[in-house]
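One chain, chain A, links the two complexes that follow: it is found with chain B in the first and with chain C in the second.
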Partner chain A sequence: MAIEVSGLSVDIGGRPIVSDVAMGVADGERVGLVGSSGSGKSMIAKALLGLLPRQASASGSARLGGTEVIGADETTLAGLRGRYVGVVFQNPGSSLNPVLSVGRQIELPLKLHYDLDAGDRHERVMAMMRKVGLDASLAGRYPHELSGGQQQRVGIATALITSPRLIIADEPTTALDSITQRQIVDLLVSLVDGAGASMLFITHDFSVLARATSRCYVLDRGRIVDSGQTAGLLASPQVAQSRRLVEAARKLTLGGPDMETL
Partner chain B sequence: MTETHELLAGRGIGRVFGRGKARQAALRDVDIDVRPGECLAIIGGSGSGKSTLARILLGLDRPDSGTVTYRGEPVDGPRSQGYRLLRRESGLVFQDPFASLDPRWRVERSVGEPLRIQHHGIAGDELRDKVADALDLVGLDAGEFMGRYPADLSGGQAQRVAIARAVVAGPSLIVADEPMSAIDVAARLRILEAFATIRKARPETAIVMISHDLGVVQHIAERIVVLHDGSVVETGPCDEVLGHPKSDYARQLVAAASL
Partner chain C sequence: MAADNGGKKVAAPALAPLARKAAVVLRSIWARGEGRFALVVLALWLAVSLISLVWTPQSLWSTDGYHVWQGPTAAHWLGTDGTGSDVLSWLMAGARTNLLIAVLAVALAGVLGMALTAAMVSRSATVSGVSAVLVDALISIPTVLIALILAVPMGASVAVIVIACGIGYGLNLARIARPQALLAANSGYVDSALANGASWFSVLVRHIMPNTMPTMTVQLSLSAGTAVLAESGLTYLGVGVPSGVPSWGHSLATSVKFIDVYPLTVLWPGLIVTVVVVALNVFGDVLRDAVDPVANPALREVA
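== the complex of A and B ==
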């Protein structure tokens, strides 16, 4: 299993943010985690990556590729982060280092986690840029010189350069315009499938989830309230919270129902 | 004179950023009209020039070529008659509600601010009633929300507070720049409903909605202007643009907003 979570709870200052969550992502599977703002979905991602804020306390179990991360020491976590799991964040404008050129940005995880010579690294960076659709001429540019879509392509290249077995994508398309959103989702899916990796795709938007995942979990106030095949959940949501999210996504889709009819 | 029929009009608007090699046209020869009481959507991707156009139409930035008029008066610098009228009669809504609300002010004070500025001496019950009416329009219970600080609001609630502030002084024009893109999908519906309620209650108020997402504006816009690379590539009634997009770019937008 790429991800195996059971009985995971996260409290901040005694306030429960995530409560008794159990979920799994099999090797090679793309799974969604969907919920409104404040439902706790990013906190689950942070717990999986060992990046919880200092005042948070986590209990239960979360395994990435069989390695327990709850309570794990920094060495274990650092090893997992660079090699086993790659992360794509919501806002590439702030997750990229503004003083690193595109080429160096993408190269950094290789430098930190693998013992390769400079020529080898350069070759891999160029190959990865081609894969994510970035022209080689952009290698010397800085993040602020790129469009939001290009920045997110750099983010994806940086996450994938170490050939991780698992990608955690936390709202990777929310900051992008609708046409770019689609391109980035399709790119992520093809790269993850091409590498035979797994993906946990976190979003508030069911319409994105349908393209990105085959199965999903619905999170509401820190609890998993529903799960199943994404297509099935979209077609006939049974649980109230899922219905609310699906209806919202449908109403904001062309060819969906009118405002009054739902 | 057909010019005076429009509330807000831009003619031949061009805007260039940078110089030398980095010179880039953000807007090219854009014509745009906003009619009284209509809801017009300006649609385009990142970098299409839609926010630049909005800033120019509002007199917050000056075009390198072309003219803007409000009620037939030129909007040309802070002293111009058109600009003064426009500032008095318009309300603005931005993408990030928390950046547009003062974190130290309670909702009542934030929403009431435009009224206090425009009607010197308004206070007490009269001010309070108008603030309550505006909150009611956006679907927020005045008793519950007036005393809250922005930190006690969700993103969707904060954006509705920002909309209440934009509408409180009874503007002729509301300009909303991506009011829903920072808000989660479920809360976007509440914001759309707020705009729909405002349209019913204040039919004389024109709304300009700037967005990248046709799915969001389909329920509210009467007309759509599609911007791409700084040029208007398509304009027409909402149904026509959504049902029979003529330009390549509009077709891509329609595809991106469909499941």
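== the complex of A and C ==
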């Protein structure tokens, strides 16, 4: 499912958070949105889902698969959310309900969007858990009994169980260690490509982005300041903001010489 | 769209796992010493209530003017009261009245408390604001005062106790559950559920309310204990259980005036009320630990 965003602005209490953003994700494409903390990345994701905070107001246009979502009514949005658009969140620990077993959390979107009996749902949950590399015996466990990586696998399973056409991954690896990060990114990429879905991958970390996306947009203070092929941007960033993000990524993951100056 | 049908359809297939979960919870409570005490006392309470419906050692209405305020004898194990009636029989029959009051008051408090909690975390600023102010304002009215006001049109009755306690404890429950419900409403898992297309109602039922359960179970079992105490207090004031209806409060109220002369007659209902209230308070604590999957690994399902 394609995303077409043009002239998107989000204000919170008159303060501009996102200004005049234009971007696009084609069918089956994996595109990155990168920027430092507070640059408005997550706000764009929220605007795409119609889940902006109450005091925020959005203007401009954002179309998901041809459906305008800015100013759309709840029915239109609820039909898209979870059914055609799956979301993977940043902190897997807090985005799972602590008193609901893992199997039931993965099952919930199926209950909401499909008319299946319990047996069919159980089968699909088990198949999905296998796909994301979770042992079937974990279905009865509660989130606190799982490791961070396993929790994020649950998050991915929940987002993908309804076979959505678009995945919005909002910093899905930020809370994980670097080895787990790589595993989770590779898993996401293979599942998204396997399903032929498209993905908007939001992160502040260029090193993760290179694995997950082919093309990306750089966001700074609510504006798109740079865009292009991820590999090209990573190799020779032209714009100052991109350069800073790339340098930070190099220092962190490649162990640059001057860690003290960070 | 399809998002709204989720709320009702869960009940039927979820029944079997629910029964299994209840068995696990009961076993976890039994595994602890204080849990065993609470379960035994509550089971006895229930058993005696049921037995008293068909059998008591003596008829409640067989009075004997020649043997009033007797100590324990073979015919009257706990002695007789001021009319010569059997104290044990009245206490047994009182168990069912108190059980009925406690159950109904807790049910009413639970429904009212959850409804108010749901209103206070509503996404409409008006509904959440108004309900929060309403709860804060109404909570300043003491339960006894509510009972006294209700007794004006209704007279002394079981309903007065149930409604007064239900309202009082329901408001209290809402106030105590609110922070936890707000925390859940602003949590990542609610964001995640909304992003998955869940309606606010389904979020409320599946995510917010289950996460307030530890607070609710403790608070409701405390309320059950307080309802037993309130019955005694209100009956003593003359706005509770009407005379002639057996209850522990009634047994206390009729004997407490003579505590200097016949202390033993006051002892029995006082002892029962104390033991039952302690059992209910303990029960709340162990129940919270037993139903919380974070605290109780036995709840893990066998997949």
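Basically, the second predicted complex is superposed on the first by the 253 of 262 C-alpha atoms of A that agree within 3 Å, B and C clash if a C-alpha of one lies under 4 Å from a C-alpha of the other, contacts with A are read in each partner's own complex, and residues count from 1 in each chain.
Here, a residue touches a chain if its C-beta (ideal position, glycine included) is under 8 Å from a C-beta of that chain, and two chains touch if they have at least 3 such contacts.
Small disclaimer: the values here were computed from a predicted structure and weren't measured.
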First, second, both or neither for A:A139, with chain B first and chain C second: second
First (chain B), second (chain C), both or neither touched by A:L51: second
Touching partner for A:L112 - first (chain B), second (chain C), both, neither: second
Chain B versus chain C as contact partner of A:D177, first or second or both or neither: first
Greater chain A contact set [chain C / chain B]: C
Touched partner set for A:A210, first chain B, second chain C, both or neither: first
First (chain B), second (chain C), both or neither touched by A:L96: second
Contacts of A:I12 with chain B and chain C, given as first, second, both or neither: neither
Residue ranges of chain A touching chain C (in the complex, touch as defined): 49, 51, 54, 75, 78-83, 85-87, 89, 91, 94-101, 103, 108-109, 111-115, 117-118, 136-142, 144-145, 155, 158-159
Of chain B, residues touching chain A in the complex: 44-47, 154-156, 181, 183-189, 192-193, 196, 212-216, 218-219, 242, 252-259
Touch list for chain A against partner chain B, complex: 36-38, 147-149, 174-182, 204-207, 210, 244-245, 248-256, 258-259
List of chain C residues in touch with chain A within their complex: 1-3, 6, 9-10, 13, 123, 125, 187-189, 191-199, 202, 206-207, 210-211, 213, 292-294, 297, 299-303
